[in-house]
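First chain A sits with chain B, and in the next complex the same chain sits with chain C.
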Partner chain A sequence: MADLAFWMIVLLTIGGAAVVVLNKNLVYSAIALLFTFFGMAGLYVFLWADFLAGVQVMIYVGGILVLIIFGVMLTNRITSVNISHSSVQRGIGAVVVLGILSILVIMIYNTPWLQVEAVEPVQTVGKIGYLLMMDYLLPFEVASLLLLAALMGAAMLSRKSN
Partner chain B sequence: MDNLNTYLFIAAILFSLGMFGVITRRNAIAVLMGIELILNSANLNFLAFAKFGGMNMSGHIFALFVIIMAAAEAAVALAIIINIYNNFKSINVDEVRELRQ
Partner chain C sequence: MNNLQSLSYYWPEIILTVTILVAIIADLFYSDKDSGKTALWVLGGLILAQIAIYIQDSEIVTTLFMGNLAFDPFASFFKTLIVLATILVIFISQKSSELDGHRTGEYYSLMAIMVFGMFLMASAIDLIMLYLAIEIVSIVSFILAGYLKGDLRSNEAALKYVIYGAFSTGIMLFGMSIIFGLAGSTKFFAIQEAMWNLEGSAQFAFTLAAIFILAGFGYKISAVPFHFWTPDVYEGAPTPITAYLSVAPKAVGFAVIIRFFNTVFGDSGAFIDPSIYTFTTIAWPQLLAVLSVITMTLGNLVALQQNSIKRMLAYSSIAHAGYMLMAIPTLSSQGVYAIMLYLVMYLFMNLGAFFVVIYVKSQGGGESFDDFKGLGWKMPIVGIVMTVFMLSLTGIPPTAGFIGKFYIFASVIKVGPQMYWLAVVGAINSVISLYYYFRVVKVMFLEGEPSETIIVPSPTVLMILFALAIPTVFFGIYWAPIADWVSRSLTLFIKVI
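Right after this comes the complex of A and B.
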């Protein structure tokens, strides 16, 4: 049963990603991205990352995807019915990407990964909070500065010029 | 299903699809979607190595920072794209090639 759920989620993720990059309609791509993000959240649950699955749904689906759909809306004339977009150099792009993929697959298959057995944690939030406040305090503070700078920069850039 | 290689293969496929989107799409927003796919595949790798490396929580922290960075990047990139649209009336990345208006 868990196997079936796992492969369904994998299919949802990869199928969604394929639609994102192959579909002609930009809005369809954005909606397919939604399925990919939800599938990723499901995979995170399989990887025992419950907190990050929640964060994924909140930030990617609730934030970034809404932002992207806003971008689609603002950069296409709303009267134009056909919000389509084309691709260029599909053949050579596919060749390059299949080359990269085959190199990655060969590398993954041939590397003897060091693996350590672990028990499933009850929850991960406590440990993440502890690490954020102890070992990773400086990156945490820098991340807040980065978000502030990005907020001000985005507001500044998207404002109508005076 | 539950071994490291499965997750690494899924992440590799997602990375390749995102890369394909980045190099073939003309619309800048679609390129941005490809970048989000690549960031997600990196996150999947971090979490897979975290689980199969003895549940080391540093991988989770790294994934969290990647998500934070993706949010900042998406906001700034969309602001830039909207500016480009206001100046050029087009956001196809192969048509926007002039530095002056």
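Right after this comes the complex of A and C.
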């Protein structure tokens, strides 16, 4: 049962991603992205990362995706112009992609990954909070400067006059 | 060291953070015309931060913030270099005609944020910290590259930069995730330890991860084949920003490469014991050697064909990244020493060359070779100074560029006959670069009409010109102070096992 659910979610994620890339209509691509993001949240659940799954839904589905769709809708003459571009040199692209894919698959199957012993699923929120306030306090604080820079840049670029 | 204790070693960054906030708030009170005065706040903050770096006890070598940052002379060296570059670029920006009519308050506050990001890059010893630091620098670079909103080329530069940046960061993160899957930690030293105990079958994954991560680092120093953004971004961005991007982020990019490869693949002590590198079958020194050859050759060959001096300088900066990369596969402290020395010399000569381009443009000229015709007669001082920078960039004695190149080649040759080919390729490339650097000199003095009137630059322009040209000549004759400083800074944090 769990296996079936897992493969359904994988199908949802990859299928969504394929539609995002292959569809020429920007609105369809944006909607397809929704399924990919949901699928990712599902994968996090399978890894027992409950907090991460919640954050994924809230930030990516609730925030970023809505923003993308707003951006698409507010752009002028969106329906008449095919903004989404079809790719060029598909043949070479396919060869390169398949090559990289096979290398990655070989790598993943032949590598002795670090194994963690299976434990009972526990809430991860407390642990993440502890890490953010102890081991990763500096990255946590520095992220605020990153956001400040991004905010200033967005304001600067969208301001009407110079 | 825990978070609270670390604060007392963190004064430069704290001063910088306060500077950023003060600059942003001060900017609110300036009218559009006076907005440029924000630069004064940023300048003051940078000087204070530099004083804080200077008075820090260089005897103490430790880690800060639970092993997120290293506190060592190596990091302090790069921080000083960044502050120096930023101060010079702030002065250069004042003289740029491209920024006229733009509100420049954000320009300078964003620059201060970028300095903060580069400080972190120079000292990060944790993958998450490193990623965040690179992201800060990248995002600010995107914004600054697109600062001239009305200019289509500037828009193109920003957009291309974002797309390439996102792509290479994605590849780098994938590599980091593979390393985390092997080592179970994001700290460089824990990864190093885990690598020692790895089974042979993990080598393949490790190699792949190293290549992926190199894509992210290579993008920052614009090494081929991750250089595609460089010419367009350098051409479209405001020229002071182009000058800045070609010096400061590149320098910390090298700091990151040295620290990462030194720690994760080696003994972490500035390549003190090369024999240690035989434990791994990964041919990463050879990989980097090939990368450096491709980088300098492509940079030089394409620079030959340019008609715009700005674009020529963009490709030449790719070539210079190639020269510096040459010294990394030597796996010796001499190699690291040579790179650090080269970066100091490169700072003055490259900023100088870009400043001349900015000045000529602000005087109603342009950026192409045609616009430089007869410049040596019209503005003799500028012409002579530009000749000095071109000589130095080629690496002709007695200029700083020669000393820089000399140390790089010496470190390569010292390794032994198996590296001679690399030195030969480097020498051939230097000869190629002679052609296009001297084309500038030829155009300035031998072409065009000798003009009747002579333009003498204003005192401030002269001051900046000489502040860049005098070190370029002086350090070519007497480089002991720089050499001393570099050798004092050659201490990296080593984990005591």
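A few notes on this one:
Here, the second predicted complex is superposed on the first by the 149 of 162 C-alpha atoms of A that agree within 3 Å, B and C clash if a C-alpha of one lies under 4 Å from a C-alpha of the other, contacts with A are read in each partner's own complex, and residues count from 1 in each chain.
Going forward, a residue touches a chain if its C-beta (ideal position, glycine included) is under 8 Å from a C-beta of that chain, and two chains touch if they have at least 3 such contacts.
None of the values given here were measured: they were computed from a predicted structure.
Between chain B and chain C, B touches the greater number of residues of chain A.
In the superposed pair of complexes, A:110 makes contact with chain C only, with no contact to chain B.
By the touch criterion defined above, A:150 reaches both chain B and chain C. Of the two partner chains, chain B is the only one that A:64 touches; chain C does not reach it. When the two structures are aligned on the shared chain, A:137 is found in touch with chain C, with no touch to chain B.
Residues 104, 108, 113-114, 116, 135-136, 139, 143, 146, 149-150, 153, 155-157 of chain A lie at the contact with chain B in one complex and at the contact with chain C in the other. Chain contact summary for the complex, chain A toward chain C: residues 103-104, 106-108, 110-114, 116, 134-139, 142-143, 145-146, 148-150, 152-153, 155-157, 162.
The touching residues of chain C, counted against chain A in their complex, run 3, 17, 20, 24, 64-69, 101-103, 106, 109-110, 113-114, 116-117, 120, 126, 128-129, 132-133, 135-136, 139-140, 142-143, 146-147, 149-150, 178, 181-184, 194, 198-199, 201-202, 204-205, 208. Taken together, the chain A residues at the contact with chain B in this complex read 2-3, 6-7, 10, 13-14, 17-18, 20-21, 26, 29-30, 33, 36-37, 40, 43-44, 46-49, 51-52, 55-56, 59-60, 63-64, 67-68, 70-72, 74-75, 85-90, 93-94, 96-98, 100-101, 104-105, 108-109, 113-119, 121, 124, 127-128, 131-132, 135-136, 139, 143, 146-147, 149-151, 153-158. Residues of chain B touching chain A in their complex: 1-2, 4-5, 7-10, 12-21, 23-27, 29-30, 32-34, 36-37, 40, 43-44, 47-48, 50-55, 57-58, 60-61, 63-65, 67-76, 78-83, 85, 91-92, 94.
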